[in-house]
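Encoded as structure tokens, the structure appears first; notes follow it.
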Amino acid sequence: MVGGGPGAFIGAVHRLCAALDGQVELVAGCFSQSHEKTLRMGEELYLSPRRCYATYQEMAAAEAALPAAERIDFVSIVTPNVSHFAVAETFLKAGIHVVCDKPMTYTVDEAKQLVKVVEQSKLVFALTHNYTGHPLVRHARQLFRSGQMGQVRKVVVEYLQDFLMVPHEKLGQKQAAWRVDPAQSGIGGTLGDVGTHCVNLLEYVTGDPITELCADKSTFLPDRKLDEDVNALLRFQGGGKGALIISQVCTGEENGLRLRVYAERGAIHWAQENPNSLELYRYGEPRQTLTRGQGYLSDAAKACTRIPTGHPEGYLEAFATIYCDVVRAIRRSIDGSPMATDEYDFPTVYDGLRGMQFIYAAVESCATGSTWVRM
Amino acid sequence: MVGGGPGAFIGAVHRLCAALDGQVELVAGCFSQSHEKTLRMGEELYLSPRRCYATYQEMAAAEAALPAAERIDFVSIVTPNVSHFAVAETFLKAGIHVVCDKPMTYTVDEAKQLVKVVEQSKLVFALTHNYTGHPLVRHARQLFRSGQMGQVRKVVVEYLQDFLMVPHEKLGQKQAAWRVDPAQSGIGGTLGDVGTHCVNLLEYVTGDPITELCADKSTFLPDRKLDEDVNALLRFQGGGKGALIISQVCTGEENGLRLRVYAERGAIHWAQENPNSLELYRYGEPRQTLTRGQGYLSDAAKACTRIPTGHPEGYLEAFATIYCDVVRAIRRSIDGSPMATDEYDFPTVYDGLRGMQFIYAAVESCATGSTWVRM
Amino acid sequence: MVGGGPGAFIGAVHRLCAALDGQVELVAGCFSQSHEKTLRMGEELYLSPRRCYATYQEMAAAEAALPAAERIDFVSIVTPNVSHFAVAETFLKAGIHVVCDKPMTYTVDEAKQLVKVVEQSKLVFALTHNYTGHPLVRHARQLFRSGQMGQVRKVVVEYLQDFLMVPHEKLGQKQAAWRVDPAQSGIGGTLGDVGTHCVNLLEYVTGDPITELCADKSTFLPDRKLDEDVNALLRFQGGGKGALIISQVCTGEENGLRLRVYAERGAIHWAQENPNSLELYRYGEPRQTLTRGQGYLSDAAKACTRIPTGHPEGYLEAFATIYCDVVRAIRRSIDGSPMATDEYDFPTVYDGLRGMQFIYAAVESCATGSTWVRM
Amino acid sequence: MVGGGPGAFIGAVHRLCAALDGQVELVAGCFSQSHEKTLRMGEELYLSPRRCYATYQEMAAAEAALPAAERIDFVSIVTPNVSHFAVAETFLKAGIHVVCDKPMTYTVDEAKQLVKVVEQSKLVFALTHNYTGHPLVRHARQLFRSGQMGQVRKVVVEYLQDFLMVPHEKLGQKQAAWRVDPAQSGIGGTLGDVGTHCVNLLEYVTGDPITELCADKSTFLPDRKLDEDVNALLRFQGGGKGALIISQVCTGEENGLRLRVYAERGAIHWAQENPNSLELYRYGEPRQTLTRGQGYLSDAAKACTRIPTGHPEGYLEAFATIYCDVVRAIRRSIDGSPMATDEYDFPTVYDGLRGMQFIYAAVESCATGSTWVRM
């Protein structure tokens, strides 16, 4: 692991999730720019101090030099966005598979470069758009893939939080501080932090990509430089339309990622805060609520279900499912029978590029008076 | 009553609601363009055949000629949009107060003219944006008016139905037929039928008017000429932003009018399908659910509450509340102490003009490639 | 109307509901034991003072003496329980149909006598267990009647309020005062006020009568003499079991009447506070939510639906439906083609007797140490 | 681990949960009565075959003989109820701490004996009533402990499933087979499997023990010998009353454990299927929804919260919290500073005895015609 030092949120999540299914063991890390902090964190995690490295470059080199049976199989990158590219490139060039948090890079150019680096490496690169690990999200995708829903007419995707209602960055909170700092986050604030999840989720479920968008962003708190709140109109390849509604300054919203898709022959609603159920509507029929763990769900949903219906799985389990899928691909790669990228059931470098293109398109739209921009 | 013949929806609603509180008695009507149908409907409603008129012009003239104690105090206009203006003008000029269904007129020019006619008449003119009659909508308005919520940051207003998923107009359904016919509805389809309710509701609650919008409309069913589905970005006078999401082709949506307002010091959520409660969020505090009939609500909410908490009131009761408020204003007018327009607690001719301006602004935005248009 | 003077709750409800569908006009009343209050209330209601009577006996006699076309067709009794029997008997003997609020009488003996009086009178007698007027309750009944649900296994019926959390009777609130006074209410407090609704609702829906019960009642507030809170075990004729959970001292509960029935081939859930939907569960299938106004509902549900799906109907509409059904039976009686009692689709004197038997069985169970008592 | 072989549910859950927080490593097991199956399971779990034992007796002896640093610190017992006592006793006598699934033993006598064994051993004994590991359950307990709620008036606790709607035991499903077999389960079916959770949860939250109960049990499916469905009336030490409603044959219910407590100064509602929120009602105030991860919660709730608000934690996380608490107690024991039993924040042998007493009291009540039995 690179990043995820004391006090970090997403690093701890990656550790819990990787461990959950007993397939992954954390053995090495560079958790902080301070070697001392890395050593302290390593101790807490029962790591050997020899594998708690001062820099990620050192870590990549040292691990690559170990015998295959000892060295790390992959690295998880959980640093602020600004360093994703450099760290990923370093490990990929050292022959080590990569799991990277989103958004994928600091700039869209880095994203394009990373596509090339990954393609050349023939290694596994996974991006943790974790919400696609929920069984009912996978079931929703099957509903669209199978043709049961027909053409998409309207998508409403929202991701609302109130995390940035307070100027935490002025009060010493590290997680907020880097997120509102363009030097660490890139040109998107909320766009990168939650917007990219929306784009990934909706395209994953419908299979119908966004072709153009028109965005309107706002910043309400003083001294903030990045977008805190964005509304955007979307148009899809298949002729449908959509609205994307995101914010990190919406009072009372905790982690309100919600997807509604209205199509020709039915509609679905899914909400991250209640992830164990999926609403399914058909014209003129009773509304249906599908629940995780039931026999009527698709194999895709069943394959990532751990415990019986009514015993709620949550955020960590879905995140861990992404790790399981990645581990499967890495094992296949190690075994010499690598999967093709389109066999992956986890987000890839191409999804990462798409996320960066979204951020850039939205920022360009806003910069030109909220006009339409192709994506 | 003018309009509301056999099979009509909104005419019957007006009759139920006007009667509910025992303040209004229906005594005369011109329910249809066919005198025979008007007579038949009149019989069903226990009216005197002499007061079942062949034309609205005849009705206005005959009623105006009756002694004050006998003639109708006001007329309810529940015809398709195309005739609202002519009927309203005729009755106002005959000295009779008017209640009119929305949208107010067929064109924005008619709306402007009607403003003048009403102003000159010094009579009461009410527009039945019925959703503002719900006690918790009135409480929400008080929260914003009182300054407790602070500046509006984001509004999400939706009105989704699946009423037009099926080409009812080809299957003989009258209500659908006029709604999808530009010759009867005007230039807006969904924009007029549900969009104007959204604009009225959000401006009523927040008191913060829309200044510009950018809209994207769609028509999915073959042979339809008007918009079935619209998404729009909104900007408000106070600096906030919004999204307006309307449709009549969203499978499984019944009458999904929902308003969410996120402001500086709190947020509210209200949904028409569950109108007896209001969600209120404050940063860092437990979420609150306020319920109709409770002592902690504002006087504005209490004044329009008929029965105790937990005994749900619905669509008809809120609609009837608008009638109660109108009747109060008409009584004051008859008593010779007319209210000023800004004392009215029901929608007026100015709200009606605003609705028409919204339709025209949205259509213009779409016609120019979904650009921003001032409203 | 007898009862329903200034400040009364249920009297006002009866008036609103009787008026809603334009079939009933209030023309006479004895609203209070004070003639002056009756006159005042009559004036508010635009009644002729001649038909605002000093006593109910006088009213029955005077109205019976009027020509058939002028006299009242029926009387609504909305006094405290203690006088229901005497008033009902008086009007029935005067040849006037009766609508009576629940519980039907002060004692079970009166209830038995009233059965005889009604049978002899050949007049319509209706009891306003209003919750059976909801379209989805009627649909639920059809599901059980049609055999689609199979044998009932478990019923959970609850009716929870917090109305009596505060000693309103010591603070001058009339509605609370008579309810907690055995001299006016009878031997049941909560048992009569909300318990009888539970029994009526569950037997109406399942058609499977309670055969025995075991009850445990409590009174928490000082100086109260009647039950405020009861839990009871139920056994049904068909072999199923149940729990009845009622209270008027449950903080935060407003009018929490909820019915769940688990049967051999499915389950239903209905809640009065959200009466426009019905949950329907089938083993191994997605949960269904049925909503008022949809085409897939039974004719019984459609027949009592006024406005389209998604436009919520509430407490008053369901109550008014009972009135509509009663009016139909009274018209038939007046026309000389009276319905048989088992054709009635409203609660009758037999339902009223059943409610009184429930109160007595529950009180007897409690008095004998919460043992099982046949009902 | 003893038990939890191929196909078992709860064994797999224990393994996931023990692993989640990186504090526990599974190193030895006797997963099945077949040594071959144990070896196979051990291989899947990356265990050394030397520590995959043929019998639990052998395992206890062999592990006890290892040096302290190598031997297991504790054993998790996840076998059918019939063997809990023998296995627990064996390990405790070998000086090994024990985590045991519920219900604690096969008979109430064994439970009493086990209390003595545990007391003599001075070792940690934990029972996995996992639902007490939810942050909002712990917060609810604090609300009652702190005196904010006042005296308990009414408790409604339900645990409804449809798991046994189908005769799985005849169709080869192992989990169902032992649960419906008195030879493996004991005298309680649903009473033991879900009823004991209810008792533990409600007494944990309110701190107000059940003093007597009156139960009515049913068995609907042919050839079943144990209770499938039970309703019971409860009385509490503090004078309050309750209803316990449990079943494993309620169509459409998945894992419906729900607790409602109405007290003098407020009420709480918590539901296992949506464990991240807690409803809190105060008389005359807006209803509150408290959510996991918020700053206003008690320290008890915060201490067992892993990830931020809005990121749902579920069944496994709460279960893992019990393991964390047990591990803390075991570490203290190993360190030579053992906690007192009443410092434990996990269910103990006394809770287990209480559960067995509940089963026996309920069965005795039913056997005597559903009379009241002290507990």
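Going in written order, the chains are labelled A, B, C and D, and every chain counts its residues from 1.
FYI, contacts are C-beta pairs under 8 Å (C-beta built on N, C-alpha and C of every residue); 3 or more make two chains touch, one makes a residue touch a chain.
Fair warning: this is a prediction, and the values are worked out from it, not measured in the lab.
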Please tell me whether B-C or A-C has the greater number of C-beta pairs in contact. B-C
Have a look at where subunit A meets subunit B and say same if over half of the interface residue numbers show up on both copies, different if under half do. same
Provide the C-alpha centroid distance between subunit B and subunit C, rounded to the nearest whole angstrom. 35
What whole-Å value do you get for the distance between subunit A and subunit B if each is reduced to the mean of its CA atoms? 43
For subunit A versus subunit C, what separation do you get between their C-alpha means, in angstrom? 56
Going by residue number, subunit B touches two or more other chains at 253, 287, 291
Residue ranges of subunit B in contact with subunit C within the complex: 9, 12-13, 15-16, 19-22, 45-46, 161, 253-256, 272-276, 291, 293, 306-317
Within the complex, subunit A is touched by subunit C residues 280, 284-291, 294-296
Taking the touch rule as given, give the residues of subunit A at its contact with subunit B in the complex, in rising order. 153-154, 156, 158, 160, 162, 165-166, 214, 216, 218, 220, 229, 231-233, 235, 240-243, 245, 247, 249-253, 262-267, 279, 281-283, 287, 369-372
